[in-house]
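Multiple structures follow.
Each of the next two complexes has chain A plus one more chain, namely chain B in the first and chain C in the second.
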Partner chain A sequence: MTKKELFFIGYLPVPQKLWLLFIMTFLAFFAAFIFSAWAIGLSQNDPGDGRFRFDLGRQTVSGVLETLPYPMIHVTEGSSAIDAGETLMLSGAGKFGVEPHASNLSSTSISATGIILNRGTLRMLQISNPRRNLSVVENQQSISDPLDLGRWRLVGEICDGKCYAGAMRPGRGIAHKACAELCIEGGVPPVFVTTKPVQTHEYLLIGNADGGPISDTLLEKVGIYVSLEGRIEQRGSIAVFLADEGSLEVFP
Partner chain B sequence: MSVKYVPVQWNVFKFLYDFALLVIIMGFLWVFVHIIPDQLTYDPSITPQIQNMRAFGSCAFFLLTAILVIGPLARIDRRFLPLLYNRRHLGVLTCFVAFSHASFVIRWYFVFSPTDRYVALFGTNTAYNQLLGFPFESFGIFALLCLIILATTSHDFWLKFLTPRIWKSLHYLIYPAYAAVVAHIGLGTLQDQPVSIFGFLVVLCVALVVGLHLMARRCELETTDSSALHRVDAYWHALFPVQEIEEGYARVARIDTGDRIAVFLHNGKLSAISNACAHQNGPLGEGKIIDCFVTCPWHGFQYDVTNGRSPAPFTEKIATYQIRVREGIVEVDERANPPGTPVEPLNVEKEDSV
Partner chain C sequence: MVAETLVFLIQVWLGVGALVAGAFLLIGIGQVDEDAHGAFAFRPLLIPGILVIWPLVIWRWWVVSTGRDINRHIKAAPRRSHGIVTILLMIILVGTLLISFAIHQERSINIAPVKLDMS
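The block that comes next holds the complex of A and B.
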């Protein structure tokens, strides 16, 4: 190809041999883009089986509300999809928790209506309007004392319990970190997802060592692999990990 | 070339170029968003909004890579110049794709919350003191701002308004933008999945961009190199033998002041002009003379080789140089004439003439 054949200006007719090259280049770029989309798309990880259980419909249960470290209900009177004796974490709609309404009802027997979120043994009830769907019932009951499972050092990831339970798929990891922090700041219960189960519990509701919500130090470590030491309590069917923030180690 | 500003000076090639771009982009997104979910057997599937943000984000990265590959490719092999011709449309489309990615992220991860979405975007993850979990979103925001600036100033109005030198400097923002996108990906999704096909493709793309730029630089040095190039006296430089210049074309030399000078041979006479086109600093010396005018290979801007002026009604001007030939070697005076200064062409038949 000579210099004259090669010269190209957009407003003049395109030399024939450059047309051929242009078409071949287009095909090469097209093939590269399609291959990339195909390869990247197919290599995405499985987000797990977590999901909203809209198919089960709205569930109304009664039970005793516990608000620390995060709201949960110990079910005393179940529904078609929730058994009595089960304990469920509670969240509001979106990135909202059920606070502050729930804090006024702590340790009282309530009725709760919402949609189940379910991932394996991790179960949560989304209550879209806590003021309307959380109400005190007449027949007050009490809950048994927590069972001390001892001190443990766990390795895993702090996730927001709602996204991880299936509100978002995937709902964990660094790409999801800011969303998870927003959820937890909004009052959604966080869970510690362990690499090795603690007496069959793969997911533990996590709080601070003093029994309250997690501190900003732990909030910053949401979405990344960490190691934490703390006391584990069995509360109903849920394991609660009361972590010492001073024991925090980050894994590279 | 135009004496008035219109949004796009369409021609057949630009239509085809943009059509090809849209086919590539739509093809990528179609496969990622519509074909892949049916192929994956995950139950339940990946959230569609997350699938969309992944599709648009990775597409924007590959488009940005293509933008940065085209430049050096055209310098290494002139046959790729047609890809450069309409590259700004590729840039604008890339900005739209990147903006769509950001929209999906903001309207999914940063909504449904008591905190305002933009406050949440900047204020939620502030762990700038740690590499793992670093707020990688900040790199994405920076890159998107760069792309928006580049897209909005891509029109020739801004080129004229800002002057080519400032405009060109501003458009080097594409490099920090690309670096920021790589950091955005590296500290974000690749920290989650260090060993992945996407990670491999990102490394491949970065290596391609860096490798092609180095190759283009080497080619440029080779084409402007001359064994005869040296300073003759205080102002004059010996460049190259006359016979190295082909009729209708130029030979380019870079003298030690840093200026690139294109010496053209037209109708058996030599003329020297600045190698930088007044439009986008395109390499005039790689152009050719059409209808008695030097024609820039990038966008076809034209100049009279004897005075550096664009033909009427256009008003662009470039610097001209005094030249002479001694013992068959072209020599140039480093003191450039003011843009548009006429210089009598030098007849190469007469040896040792000034």
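The block that comes next holds the complex of A and C.
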């Protein structure tokens, strides 16, 4: 067989003398792909058990809306899957929050309808159309003042609360950084996930020291381990970390 | 800052590539390849490639249009380097993957919160 006859073309039968090479090459590539998949999978962080709870259906609750640092509802009248007394962070559809519609309803009692996202003790309500699914109710109620838990130094990661709660898998870490930044810029409430729980809280809703949304300085450090100091307030069932951006330290 | 610099450099590269593509496809390609005389429909298809490898296009344009082109030389050098380039590419790809796994922030940090005051 001449060299010319050994030339392989995909749409013609494999020459007899090339079968062994063909099989060996196939097996080598197959093994390489399996090894690569195993090695890459092994290097990834556990994505956790967070997910959308579509199985629970749309939930409608009533409660008092608080908009700073990010929108959350203190539930006064629960649903089949949400108890009265629970505080839920609120997110819009996709990479958006429920602002600016929610800002007009600050400190008022509202009805909210949405889908739960749940990861451990972190719960969020996704409200796909805030204009339709956030509405003022007649029976206005008030919320108790925040409980000051003191000033703390925490180590952990700033994540967007929606992806971390299960909208994305993984929803944290450097691989998810760009998505998290877009989500937070879009108004999705960010959370500070600590390396060890603060009292009983494994995550805290994070805002700026002035009580508003986080600054660009903190936004740039999403997805990596940082150390931050700030006050922690208990607001309903959620701990809110009002971080001082001047204390920011990035871990190597 | 690094990302902004990279994006800027890529923009400059593609910008120069666009100028080269315009000049080469309107003027140069006829000098380089006589088969391109009067053929225009295929030329826009070359734009994406020229945007990326415009220095090579300029070099080839200059070599061919100045009569320095000797087919044997042109094809011999790249062919000689195919083997080493293939090996280098494999090393770069695998190395990039391994380095990306190795150079990342330590994820096993486990530091307890510290309460700084009670006020």
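By our rule, the second predicted complex is superposed on the first by the 214 of 252 C-alpha atoms of A that agree within 3 Å, B and C clash if a C-alpha of one lies under 4 Å from a C-alpha of the other, contacts with A are read in each partner's own complex, and residues count from 1 in each chain.
Definition applied: a residue touches a chain if its C-beta (ideal position, glycine included) is under 8 Å from a C-beta of that chain, and two chains touch if they have at least 3 such contacts.
All values derive from a computational prediction rather than experimental measurement.
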Contacts of A:S43 with chain B and chain C, given as first, second, both or neither: both
Contacts of A:G173 with chain B and chain C, given as first, second, both or neither: both
Which of chain B and chain C A:I224 touches, first, second, both or neither: both
Which superposed partner A:P252 touches (first chain B, second chain C, both, neither): both
Residues of chain A touched, compared between chain B and chain C (which is higher): B
Partner chain in contact with A:E181 - chain B first, chain C second, else both or neither: first
Chain B versus chain C as contact partner of A:L154, first or second or both or neither: second
Touched partner set for A:N129, first chain B, second chain C, both or neither: neither
Partner chain in contact with A:T108 - chain B first, chain C second, else both or neither: neither
Partner chain(s) touched by A:L18 [first = chain B, second = chain C, both, neither]: first
Intersection of chain A interface sets (partners chain B, chain C): 39, 43, 45, 173-174, 224, 251-252
Contacting residues of chain A [partner chain C, same complex]: 39, 43, 45, 150-155, 173-174, 194-198, 224-225, 227, 229, 251-252
Touching residues (chain side chain B, partner chain A) in the complex: 11, 13-14, 20, 23-25, 27-29, 31-32, 35-36, 39-40, 42-47, 50, 54-55, 58-59, 62, 66, 78-83, 85-86, 108-115, 120-121, 124-125, 127, 130, 132-133, 135-137, 187-189, 191-193, 196-198, 201, 246, 249, 287-288, 290, 295, 297, 299-300
Sites on chain C touched by chain A in the complex: 101, 104-107, 109-119
Residue ranges of chain A touching chain B (in the complex, touch as defined): 1, 3-4, 6-12, 14, 18, 21-22, 25-26, 29-30, 32-34, 36-47, 49-51, 93-96, 166, 168-170, 173-179, 181-183, 185-186, 220-224, 250-252
